[in-house]
Amino acid sequence: MTVMTAQEQVAAGRHAAMAGERRTARVLIALALVTTAFLILAPLVYIFWRAFAEGTSGYWAAITTPETLHAIWLTVIVTVVVVPVNVAFGIAVAWAIARFRFPGRGLLMTIVEIPFSISPIIAGISYLLLYGRQGFLGPFLREHDITILFALPGIILVTLFVTAPFVAREVLPLMLAKGSEQEEAAVTLGARGWQVFRYVTLPGIRWALLYGAVLCAARAVGEFGGVSVVSGRVAGQTNTLPLQIELLYNEMSTSVAAFAAASTLTMIAIVALIAKTLLDSRSGHG
Amino acid sequence: MSLISSLRTAAAVAVLAAAPALAQDKILNVSYDIGRELFEALNPVFAKTWKETSGRDVTVDQSHGGSSAQARAILEGLNADVVTFNQETDIDVLVDGGLVDADWRNAFPNGASPYYSLPAFVVREGNPKGIKDWSDLVRDDVQPVFANPRTSGNARYTYLAAYAFALEANGGDEAKATEFVKKLLSNVPVFDTGARASSQTFAERNIGDVLITFEAETAGIVAQYPGLERVTPATSLFAAFPVALVRENAEKNGTVEVATAYLNWLYTPEAQRVLAAKNFRVTDKDVAAEVAAQFPEVKLLTVDVLGGWAEIKAKHFDEGGILDQVFEN
Amino acid sequence: MTVALARIRPKRVLPGFALSLGTTLLYVSVIILIPIIALMISGAGIGWDRFVRIVTSTRTLDALRVTVTAAAIATVINAFYGLLMAWVLTRYEFRGRALLDAMMDIPFALPTAVAGLALTSLFASTGWFGGPLEAAGIQVVYALPGIIIAMTFTSVPFVVRAVQPVLEDLDPALEEAAKTLGATPWQTFSKVILPAILPAWLGGCTVSMARSMGEFGAVVFIAGNLPGKTEIASLLAFIRLQEYDYRGASVIALILLVFALLLLLVSNLFQIRAARYREGGK
């Protein structure tokens, strides 16, 4: 018969605590996996399940109809225009806010974030009230024969609105954290403005920039609410891919076409995620 | 500056995207929600005929949505050359906006309505609830499905048909008719914004006991979903499908000629046969006789029993009207 | 304006102030501010009486109630789910952790219309989840639970991504100290860890709430649009538009805008506190 020494008791206690911790860990990991499987993985898998319900040939036939192809094309055009513009904007915002102090700096940050937290429908309505034929600028636009709504410019404008904060949000905190000593040093050494940006600032923020661009692209590709207000839904003309999905979903036929179109967007989302994960490791992003 | 150069690129892309279309005739037909399959069948036939008669190619672009929403989009600048709607009031809105001629009803035959339909029913296999007529729709054990009457012209016809039925059944007692539509609306489990979404709700997602929609749509649903059955009520409402030239846009686009020809063509036997094949009732007497067996006998009331569209709009659909009273609460 | 800029300029070493701020102001004005001001003018132009009448109408109030209720429940779900995920992802090593981490961003990357389509079909009686749930007598699609699920899905990343970096930065010595002093795991969590992550956690929840309230694409597929029961505010604004009721639409849009701005303000306050905590901890 042995009596535990105090040290042994402490050790046993720690051992039990560790075993308890391991048990807690296992339970929590299992809980995390199960909930994620139900909440996030299942919808993702289900899209492909339904898209391929009639085999690969049915899938291929569904996404190669002229209207779906045009919707894909239109979505690509919108994204190709929107992303560079918002990258330029993101740099401008970050440069102005992170490198200078001026009155209204905080307010400007909040305004830039507005599109992020309001319903895209509100964006659509706002543009309608401004550029619509009966809107504030309607008479002027008609007089000069400028078409904005129910055409490419309107779709692009609303998408610009919705995706405006994405690049700025990524670049700004990084530039704030990095501080401006290096840039100031470069200026002191006689570098010109663009040189400072090109050789000092850009190398430091390029991954964050790219990361923001990826998020911006993913959002631009999928924009639905705002665009649905200003698109006019002309099949083969102004129907973007998300609108085309809704249209196909409402068709009196099997839902393969809708899910097939949805699967193309899902694949874009997955590619964006992979790009983002790779960029994460390069930029040391949290 | 890259912002401006990007915008310039955008403009260039926009021009390029529009350029190939200038080589031929091109019109935009803005239409109601469930007309997509119909006009997909009609447009190629018209393109062929137009090529033969004028020697020119034509593309007819389509835009479909709730017809009131579509009219709103045109008011805000959607560049429609023609409209093919299912509700006269939606065209009158365009008249008020100065886009359509005030006497559009006389611009084409039959009050500018080349074809018509009526609200009819689709029920589950074997009609387990024994639904035969409008009076069955207000039973406590029956869940009817149709779209939001505020956003869907199709659903407004359903609402008006029910009201007209109740008015007739109760010897013109408006209070009783109002009570009837109130009960009907309160039995509906889901109001989708468009008629097609309602069809999906009923057929695909198994909600409700009876779907009320245009007869033409009921045929399509039954063909697509075996087991569902059509029921045509003994009485229903004549639903005109008016068409109009959107003159302001057509003049700007230089498409008055082809757009007018398109709408006139809808009255030809060639087009009427396509319409009948899609289960719309047609106005051409010869074609109507050919396809008579396809359509059950119905006693059709017209909107005149409700006082015509102007009165209907003021009494039912304007703010504070009967629809507001029975739908809001 | 030029005068003001000229007055400040001599203090700066770096170039590009006028260019970057000018570009920013121009872009922010054209793309964000002017449309929103158009909305506000249109909403304000209807007069106070009508404004109040629209805001206090049963339908509007019901839509706001449904929106706030569903968004609040979705936010509570995400508060716990997000905390769990952030904890598991930062504290444990296991196979598939990187993949699980990447999956947290799916709701951001996936278009909301696609999410709506997938969730609606999944929970419909013909879908994988809808069948069993219906057999158990639970109606999800076209009912409040459906809206909550759609909102939960689309705002998953907010809480996770807010809490994760704070948990990573947390000094392990603090927890070790608590343990050595005999604290139970729960005490360690509630007394040491929770206070540290609280600002970030609440900030994440606030943004999650804002996003849920504004969500349209995913909800519109699954909601069922029943006035008073499953009609959310952004959908009501959309319906008002379809009915030509511009004033009604812009008033509802304005209310949502005010909610969003308030939540944004609250979240910024939390962010400042979270940043202060992190800086103080280092």
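For reference, chains read A, B and C in written order, and residue numbers begin at 1 within each chain.
The rule is short, and it goes like this: a contact is a pair of C-beta atoms (placed from the backbone, for glycine too) under 8 Å apart; a residue touches a chain by one contact, two chains touch by 3 or more.
This one's a predicted model, so the numbers in the text were calculated from it and none came from an experiment.
Peer 1: Which chain has its C-alpha centroid at the greatest distance from the C-alpha centroid of chain C?
Peer 2: With centres defined by C-alpha atoms, farthest from chain C sits B.
Peer 1: Ranking chain pairs by how many C-beta pairs touch, which one is first?
Peer 2: A-C
Peer 1: Quick one: chain A and chain C, Cα centre-to-centre, how many Å?
Peer 2: Between these chains, centre-to-centre, one finds 14 Å.
Peer 1: Using mean CA coordinates as chain centres, what's the chain B-chain C distance in Å?
Peer 2: Centre separation, chain B to chain C: 38 Å.
Peer 1: Could you give the separation in Å between the centres of chain A and chain B, each centre being the mean of its C-alpha atoms?
Peer 2: Result: the chain centres lie 37 Å from each other.
Peer 1: Can you pull out the residues of chain A that are in contact with at least two other chains?
Peer 2: Counting only residues that touch two or more other chains, chain A contributes 88-89, 128, 135, 249, 255.
Peer 1: I need the residues of chain C touching at least two other chains; which ones are they?
Peer 2: In chain C, residues 23, 27, 238, 241 touch at least two other chains, as defined above.
Peer 1: Could you tell me which residues belong to chain B and also touch two or more other chains?
Peer 2: In chain B, 1, 3, 204 touch at least two other chains.
Peer 1: Mind pulling up the chain A residues that touch chain B in the complex?
Peer 2: 77, 80-81, 84-85, 88-89, 128, 131-135, 138, 141, 145, 147-153, 156, 232-238, 247, 249-253, 255
Peer 1: Note which residues of chain B are touching chain A in the complex, please.
Peer 2: Residues in contact with chain A: 1-3, 6-7, 9-10, 13-14, 17, 28, 33, 36-37, 61-65, 73, 75-79, 97, 194, 196-197, 199-200, 204, 220-221, 224, 252.
Peer 1: How about chain A: which of its residues touch chain C in the complex?
Peer 2: By the definition above, chain A touches chain C via 17, 20-21, 24-25, 28-29, 31-33, 35-36, 38-44, 46-47, 50, 88-89, 91-93, 95-96, 99-100, 102, 108, 110-115, 117-123, 125-130, 135-136, 157, 160-161, 164, 180, 183-184, 187-188, 192-193, 196-197, 215, 218-219, 221-225, 229, 242-243, 245-246, 249, 255, 258-259, 262, 265-266, 269-270, 272-274, 276-277, 286.
Peer 1: Mind pulling up the chain C residues that touch chain B in the complex?
Peer 2: 23, 27, 57-59, 124-126, 141-142, 224-227, 238-239, 241-244
Peer 1: Chain A touches which residues of chain C in the complex?
Peer 2: Residues in contact with chain A: 8, 12-17, 19-21, 23-24, 27-28, 31-36, 38-39, 41-42, 81, 84-85, 87-89, 91-92, 94, 96, 98, 100-115, 117-119, 121-122, 127-129, 152-153, 156, 161, 164-165, 168, 179, 185, 207, 210-211, 213-217, 220-221, 234, 237-238, 241, 246, 249-250, 253, 256-257, 260-261, 263-265, 268.
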